[in-house]
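Handing you this structure, nothing more for now.
We call the chains A, B, C and D, going by the order they appear; numbering starts again at 1 in every chain.
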């Protein structure tokens, strides 16, 4: 079943097309990779999907609903949650608090009860707290739960970023370069975690990543874009064999190594 | 892996946190009980007045600081205090309402205006918000000045009645003929306001406000409607400030457009910075210390602005955390070695 | 944690110390011969030049009483055989009603002051509920308003306010000149509004016509637009009675630039300021009040001592004369009533013959207008600039309708 | 008659607009380049005006000699302030606003102590009035309008044509790129303060003979400039120019036809409603 569909989406910056008439289908429950050289328009695609940018033309359809031009928090409410290319966390908060913020959509706490601090409110808080703990456990972050996020080493920060996104109970996760700056061990662990997220919760995952080997290992399907245009699509082995892709991208990019 | 630590019992810690909160709540309760006993000891109208003025200024300043903490440079606190004062005075004097209805109504009216101003402007970065809130304040002053009916024009409104008497038959009558009565009302208002702000900060709402400040893009990405939260904080704080404004009007019996000029907001900004805005207690300390200083040095008041602004500059440059960070700083000097150890631990790559 | 708590403890102790200091501050009882005279005015903010000038003048008057200066030929004053000296304590309100109320509370219930000199009606109205209830004799250095000078406010007195002289000036103008059309312009604040009211009252006693009657924002420096509008109404005379000194000089200059050649009417002029900003040639035809070509000995004394003490830079012009008298009247009344009791002092002041720097006789009147005698009357003099010379046109007139 | 009146009102509008533009220029430049709201602009303006008083009236210098001396002097004070006070907290925008507010008040209240209570006049340089089509404008105002426009042109030329100007603009767009091109952060900030404060001082020096000097003149001026640059779009020089003249026109026509007491209120209401509908001002770019 097609969960997310981009139909002829274009986004221009001052006359330059960052993406141009891009079509993209994402199936329910798959892990799909979005690759392309620097400036190919991958992050712009994410921005358009999550509503941070409004496309100049085309439509974004999620589960049969036109979500073009919705505000980011509305898109998140519908179930699409993203992470960012650069590590984006709430730096001053502890890891646990970071996840607690991520749990926002499930919180449902009213203003009055929060002010009055009623029993039911305290129960809700405790419940949220347990959920946050579970998520930290899932990512094996329980040991650093009380450490401010800004003090964590890079690899753990990346993980925490995904944990925050997962806390928002997405139907679809958009991960923007989740593996950058990680050492090989961490990469393997992250790949396993992403697979587990999909397998356990049936969450669709879209990954933008430069680490080719990891992408090939992780993704079931890969879409290649260049200059905002889709140039190839298929299983990892097909992409590796695709001449056009090799010419445009793999051959000229050191990441392909 | 140097950072593996014994896994504490999470749930236990959480409950422990709550216990700690309850403990601090006890301290506050003690402080308030102490403040409640003051009028029994202190008979001088002057000292009561100083304390009353301090109480409503604490309300102004803490609500102001809360708006600042949502990342907005608010420059129109005076506007909302003014709305509160004028609205409740008009409701009491023209519509014949009871003060006890008019005060919350004034708060609601101010909150309504805050929503009206907040929605279009809060999505912009600080400075536009500052200009609009300031301009809004001056627009209101213009309206008070120009419309003698019902706002009294530049001469203001005088002979404002005090709050309606409360009588519990056979037990007690509070008719606001004495300062003591106002004192308890101001104290109660301050406690309620501080409690609401405290809960706002401690609860999930505080968590979200902080998250918006720390990283608004990420907050949006996990489904937080930033606008709603900012407007909520703006409206609640403006409403509370307006209720204090309403108290002020019925306490001084006289208001005029002059009372609600941008000077008030600038004073609040100074209290906030000098006390330290990181923590809630900071702004209270700032307000109390500066107002006390103002009273002690009342005879030299043409140097007061000089003193206040000089103090502000010094604090900004040498003590960015404000007065409240002073004790922490002093203890840290003592335990610097320990601190360094900690740094080492932090910088140690995993 | 412990160290932290200790430091907090220390800070609390310091705060407590400050509080104690505050409590211990009123030491008036230690020196029985010193009586406090309170002042509340604007010592900071835009009105500070006036307020600080007031403080200076009051201080000079008090010092003269204590040291036997000017007509007060003895040191201090005597009640019940005990000699007393005044001690002036002035607090700031910075045109903020909340601060005015604080200052009044500080003076009355902390310092135990029974007599207060205060500036501006708005501020006085703010603390009047406190001062009247405490029976504190308050002298209002403000424009006269029936809303706070009335029989209900027995303890509130006016100083010798000058805008009331409009009732002398306009009938005289009608009789002696051909001017018919009057434009009134005042700043948009309390003083401006009450002054305009006085002018309107004066004009209502005549056949003169008010062709323009408006207010301008107090911080205006550019009068071109409003002058365009005034000149369109073709006034014979512009009344800018109580415009602040700085704005007034600018107005005169700009009015001449815009081609208005007629006379203007202004009170408490600061002639030095007018000369340097507007240029003396532009002052031709202006009516000044109160100002005499020949200063009285009292006025000369005030001007000399003020400039000696506070410097030419800070001289506030003829406003100082208006601020001068009340301290003497009050002292005289206390001495003659033989009591510090404010009710007795008020009763005595009402029937006292006054000695004023403006000349004699001087007495309290106002029954006819306020319902109570709270306004001092003394001879008013108006003069005009004619061919570069000050010429006295009205001499020794009384605002008799106030009786 | 009606025509001459209309011309007079228009002339008034232009002279008001030019003064406001001059006031707002430095403020908008500092905002545009460094993204800071420099409240002490008002104090700098006040110091500029007093510089005219001390240089011309006290030292007896020629006005046109005093003009550059005053501008450079105050500009250098600005540089010193930047190095000593603002540099340490450069990245904290709210702290900068607070610091600038504090500084404005500090200088203002110091002004009362140093300059005395009496309002100070500065003697007119040009006397007499120009008449055309029945409208009147004093020569000194005409000169202010002229120099004001020249200052705008000079600033524009500086920003568009010179290497430093280009560097400052590049810095405003993207500090990193600017740094790569050899324009250091520190230089741009110092230069910005030099020019910004210099412009404030220029405004003060120019209006000194027209108006009258009090230590509080700056606060009023900075609030007006805030309104001007808010309406124009923060950081936009053409925007500030346009909005200064729009406000000048409203003030002049409003005062002349409706009365002074309601005009300023109308200006406030107009600006607020405009900004609520179009929060970025006339020329502003969206800064979310």
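One rule holds in what follows: a contact is a pair of C-beta atoms (placed from the backbone, for glycine too) under 8 Å apart; a residue touches a chain by one contact, two chains touch by 3 or more.
What you see is a predicted model, and the numbers here were worked out from it, not measured in a lab.
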Most centrally placed chain - per-chain CA mean versus overall CA mean: B
Length of the line joining the C-alpha centres of chain A and chain B, rounded to whole Å: 40
CA centroid of chain C to CA centroid of chain D, Å: 36
Averaged-CA centre spacing for the pair chain D and chain A, given as whole angstrom: 48
Separation of chain A from chain C, taking each centre as the mean of its C-alpha atoms, in whole Å: 73
Residues of chain C whose C-beta touches two or more other chains: 44-45, 48, 52, 188
Set of chain D residues in contact with two or more other chains: 109, 112, 261, 264
Set of chain B residues in contact with two or more other chains: 145, 302, 305
Chain pairs that touch, as defined at the top of this document: A-B, B-C, B-D, C-D
Residue ranges of chain B in contact with chain A within the complex: 3-5, 7, 10-11, 14, 18, 196, 199-200, 203-205, 207-208, 210-211, 214-215, 217-226, 232, 346, 349-350
Chain C residues within the chain B interface of the complex: 3-4, 7-8, 11, 15, 18-19, 21-23, 25, 43-45, 48, 52, 89-92, 94-98, 101-103, 105-106, 108-110, 121-122, 125-126, 129, 145, 147, 188-190, 192-193
Of chain B, residues touching chain C in the complex: 44-47, 49-50, 53, 145, 153-156, 158, 248, 252-256, 258-259, 261, 263-264, 288-289, 292, 295-296, 298-299, 301-302, 304-305, 326-328, 330-331, 334-335
For the chain A and chain B complex, residues of the former touching the latter: 50, 52, 71-74, 76-77, 81-84, 88-93, 97, 100-102, 104-105, 107, 109, 111, 114-117, 121-122, 125-126, 128-130, 133, 142-145, 147, 151, 153, 155-156, 164-165, 167-168
Chain D-facing residues of chain B, complex: 68, 73, 117, 120-121, 123-128, 130-132, 134-136, 138-139, 142-143, 145-146, 262, 266, 269-270, 273, 302-303, 305-306, 308-310, 312-313, 316-317, 320
